[in-house]
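Each of the two complexes below includes chain A, the first together with chain B, the second together with chain C.
The block that comes next holds the complex of A and B.
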């Protein structure tokens, strides 16, 4: 017993001394340690497992591609960018936890938030407490950046958002409805918050632009439902002229394949907010021609060599075409790199945020010259919000038809006033 | 509630045909899965909570075989027989060790198998959804019956499920082997005393129940997206069917599966916001009126 106690005391003393030294190094000189580090660590909480893992895996591949290109071009003043990713499994509590860990324990100085909306709001609140620079790259929920009560000084959204898509979708749908006389509409969207909100916003703007649009019925299959037969046969009974669907991912693939068995799209116009993602388009074995879809990503739109180069580079890493989340994550990396250059490598959240406000970036995906990070509400504009029509073979979607961003911004402003956001 | 629409549908031949076909499509696939679950429970007294994962395994095996061979027949065989073999191995190597043990132990073993199979699929195929695609032979316009439309593949699917159900019923009720299996369910000691290899029979019955789940998965593969964990939703519905039809009753499973199919098909017209609620309401009603299920044996 005595020997043990003596030994324990000796080890304990060393441990105390070592611990004090380590503690001083970590807590006493964090800035020096950061400045001397070769790499700038960028944390990425995202979803890497489960049914929507492609959101995280494709976003991560895009960040890997961007960082590789930035580092090969000399990095940021000689310092490289290093990605540290963590799987939140799609759980908001886990997203908040891993974000705190990334900042506090893994030494990450910037966060690329690759969470879906529920997780993004959780990450947003962490950034309020730990004000490093954060770019949300997947959440499309408008209030995240539109609601001034939620404003966080160092948080930005580098992703499409619902209100922009609703204006663009409503404008496009109204035009097609007018051209083809589509008056009787149905909807088939997943029965949860996103499905219902997205559908309501689409219909709101479609009716504004084409008042003859009438919703004759709505079906709400469960999220992740394996079978849509009863929804499809209900649509057959109601006989609408057009359908809008907010289904996405594997659910949308199953719906279209099962609808094909009934030749549902032979006489009914189909409008989808989620069909334009290349992995969805390629998963459908018999993609019907002429389905209307919002742009999610396409290597031919915008028709720029840099866009095609991005698609090739991404496919080299991920072994499939880019997703919507991929171009958003890639663009976020470009914003981060540009902000770091302007601060001469300083990773201080407030300084980076000041540079990002109003920044115009000649990204490969800019509809005109640049994608702008709007200074008023920290969100991007000028990205592709076009709609196109499907063709059975690559490039799967053609005839993209864009909407003037000035018009989108004007209607967005009215919408914000209506919501009490402006 | 939209009872007017429901009445209008019932009075229209085209609507009635389409919705009845929907009920059969939904019900028959459910019956295939549930009949396997009921068979295993009826004979072995085991609730195979991993049955949904076997359905998933059947779908992925069919997907793989179809991708390699391009033959849907081979895909069906791979899905059904592959899962049957897996079921026999699962019964012999794992489940047989927990016979007679606490049901929580059996639940734990089955849950472990679900996790292993889900992660195995994730490792081999990735976490993303997969689609097998419709075989060319079935990529045809839907068949018109009295103004209603029924896809050719669904006719095939319903036919296969009915044939499998009929073969199972005949096998259990009209053959000597079936008589032995029924005896095994009632008094296994007596069957063993007569010199019959009950171990082999247990494994065979477990394999047959698994085959039905695998066959259902293979039939679903061309029309449903394949994802790890896809067996969970069908397992929940299968338990509803099992409870309504009666634990261990194949005929009860058939009636209950049709009942669920009709509820979903016509509920989508008449009470679209209460379809799932109605399924559980029917189950609750059966539990109150006849706790053993429609055709289940009363507890001694």
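The block that comes next holds the complex of A and C.
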């Protein structure tokens, strides 16, 4: 016993406590210790793990590319931009926590929100409390920026949104339906709020532009379902002329792969809101030609050298083609850099927000000359909302057909009035 | 540490000790923002309080009564949603909304518990999980009320209570500390009451308890409702903190996390689940900073603890201290029996 006691005292309680405190200090504040005084820290809560990790990893790669280019060009008045990313695991409460942490602990002065749906709303509320500049880059839920009750002065959306896509999709679908006489429609969308809302909005506008469109049946496979046989056989029984699907990501890949076994697309027109993402297109082993898809990203559309350069730069970092979230995050960085230049490097949320309102940016992805951050509801317009058709090899989607933004804005205004947003 | 007949005035000595410890904990927690003014630490602790209440309340079922519930997060979510919806209505104050959330959740737990507590072992576990997924489905599909999978949007207003402005981060933290400590004391008193000891008896030998005239179903139902109500307060704290309520609160993974917390901390000590909560949240916090492969790291740590210690961390430390104490007193003729249900 005596020997043991002597041994125990070799490391005193104070030494242990001191060691623990030092350990906590080292592990607890690594980013503060490593921070460069000159850097402007930009926080990015996003999803880096789980089924939709590509949302976060591709967005992060785009931000890394943009910051590298901005910093190599001299930064913002000599200050560099530094990304601090954090995984929220797709949990809204975790998204709120890490966002607060990025601002309060890691000294981030700007937030690029890379959260999907509910996570974006959670981040939105944090920004209401801690009013730094925030750009939402992934949420496509229109109410985030359209609903005036949710308005936050320093929060902006730099992402496509449901209502714009619905108008564009409805316009395109109506045109094809008229040309090919597609009257009997079915839908096959995931059974959750986004799937149902997105499908309803698409059909609403398709019917406005082509009243002969008739929905003969709807199937609602579960989100993340591995097997779509039941839905496919139902479609084969009903024999519609066209199908609309709000499936996305791995679900859409699985659906198309399984549909190929039944030759589903031989005589049925297929319209998808989520097929246009290059990683989805390349994941499908036998991509059927002639499927109609909304633009998510394509290096050839808009056909601009800057767009192709972005695709090459992104692929150099991420080792795959850009995603929809990548171009949105990249554009957000360009907006941030421009706002910082206009404020001479001031990161005060209100000043940056004032500069962002109504800002026109000659981004590589602008359909015409610029993407505009609309001042009334803090959301972008003028981005690509085209639809195209698939081809089995790269660039996988071609014949993009755009929609006049004036028409989209007009119908969006009516939609807002209908919802009580305007 | 042993239960005894000593009394100081009108209060039992155990209660006095618990109150003294609670006041000390209250003072320490309230002093944290003064000593460490970093807002991140306050945020971390609020998160710890919310999930700590979830884990502690679950342990009233798992550790105290032997009822392994897989659906406890349903009551956590119920508290958050009822509170959030009432506050968004703008018609009630925070205390009234909190009481309504706790009361509403207690009624929900009463209805569900009345069915569940009649079942035993794995059947009990699975029916609680089934009810949780049922509630999760309601939250996701009743979009008009709950916001569906987007959660409650638009923030949760925090009107002042008796001059306290909860929009101030320090005031919010202080309020959370007080609520948390009061709830822990309440759970401790239930655990140490005759009711608590009856639950231990039911856990150890329900047939004998029944033979002695204990209404086993009623006792189980009582603790099921109380645990649900306590979990709902955790949900209220989290809803206040994140200014929203989300369907993930009611998902089975949240219940799974609470069970992890109990496993990591241990069931033997009353505060064991809090140790597990602190451990899991700390690991989660720091590992997430450095890698997106946090699942791998957390899984490895849990494996190490489960296979290496074969019990919760707090239980291991407690047993180690007890052994050490026993070794240091070799002269004692007969070692005193250790009453392991008493330690805090």
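As a convention for this text, the second predicted complex is superposed on the first by the 386 of 422 C-alpha atoms of A that agree within 3 Å, B and C clash if a C-alpha of one lies under 4 Å from a C-alpha of the other, contacts with A are read in each partner's own complex, and residues count from 1 in each chain.
Following the convention adopted for this analysis, a contact is a pair of C-beta atoms (placed from the backbone, for glycine too) under 8 Å apart; a residue touches a chain by one contact, two chains touch by 3 or more.
Computed from a predicted model, the values in this text were never measured in an experiment.
**Student:** Chain B versus chain C on the shared chain A, clash or fit?
**Tutor:** Superposition result for chain B and chain C: fit.
**Student:** Once chain A of both complexes is superposed, is A:257 in touch with chain B (first), chain C (second), both, or neither?
**Tutor:** first
**Student:** Kindly classify A:354 by the partners it touches after superposition: chain B alone (first), chain C alone (second), both, or neither?
**Tutor:** Touch partners of A:354: none, neither chain B nor chain C.
**Student:** Would you sort A:49 into first (chain B), second (chain C), both or neither based on which partner it touches?
**Tutor:** Touch partners of A:49: chain B and chain C.
**Student:** Answer with first, second, both or neither: which of chain B and chain C does A:194 touch in the superposed model?
**Tutor:** Only chain C is touched by A:194; chain B is not.
**Student:** A:237 contacts which: chain B (first), chain C (second), both, neither?
**Tutor:** After superposing on A, A:237 lies in contact with chain B but is clear of chain C.
**Student:** Between chain B and chain C, whom does A:208 touch in the aligned arrangement: first, second, both, or neither?
**Tutor:** neither
**Student:** Regarding the shared-chain residue A:391, is it in contact with chain B (first), chain C (second), both, or neither?
**Tutor:** After superposing on A, A:391 lies clear of both chain B and chain C.
**Student:** After lining up the shared chain so the two structures overlap, which partner does A:422 touch, if you call chain B first and chain C second: first, second, both or neither?
**Tutor:** In the superposition, A:422 touches no partner, neither chain B nor chain C.
**Student:** Rounded to the nearest Å, state the minimum C-alpha distance from chain B to chain C in the superposed three-chain model.
**Tutor:** Comparing every C-alpha of chain B with every C-alpha of chain C, the smallest gap is 5 Å.
**Student:** Report, in rising order, the residues of chain A that make contact with chain B in one complex and with chain C in the other.
**Tutor:** Comparing the two interfaces on chain A, one with chain B and one with chain C, the shared residues are 49, 53.
**Student:** Quick check: in the complex, which residue numbers of chain A touch chain C?
**Tutor:** Contact set of chain A toward chain C: 1, 27-28, 30-31, 48-49, 53, 56, 86-87, 89, 91-93, 96-98, 100-101, 104-105, 117-118, 121-122, 125-126, 128-129, 141, 143, 147, 149-150, 192-194.
**Student:** Which residues of chain C touch chain A in the complex?
**Tutor:** Answer in residue numbers: 38-40, 43-44, 47, 140, 143, 148-151, 153-155, 167, 169, 238, 241-244, 246-249, 285-286, 288-289, 292-295, 327.
**Student:** Name, in rising order, each residue of chain B that touches chain A in their complex.
**Tutor:** 9, 15, 18-19, 21-22, 25-26, 122, 126-134, 139, 141-142, 149, 151, 153-154, 220, 222-225, 227, 229-230, 233-234, 264-265, 267-269, 272-273, 275-276
**Student:** Name, in rising order, each residue of chain A that touches chain B in their complex.
**Tutor:** Chain A reaches chain B through residues 49-51, 53-54, 57, 219-220, 222, 224-227, 229-231, 233-234, 236-237, 249-251, 253-254, 257-258, 260-263, 279, 283-286.
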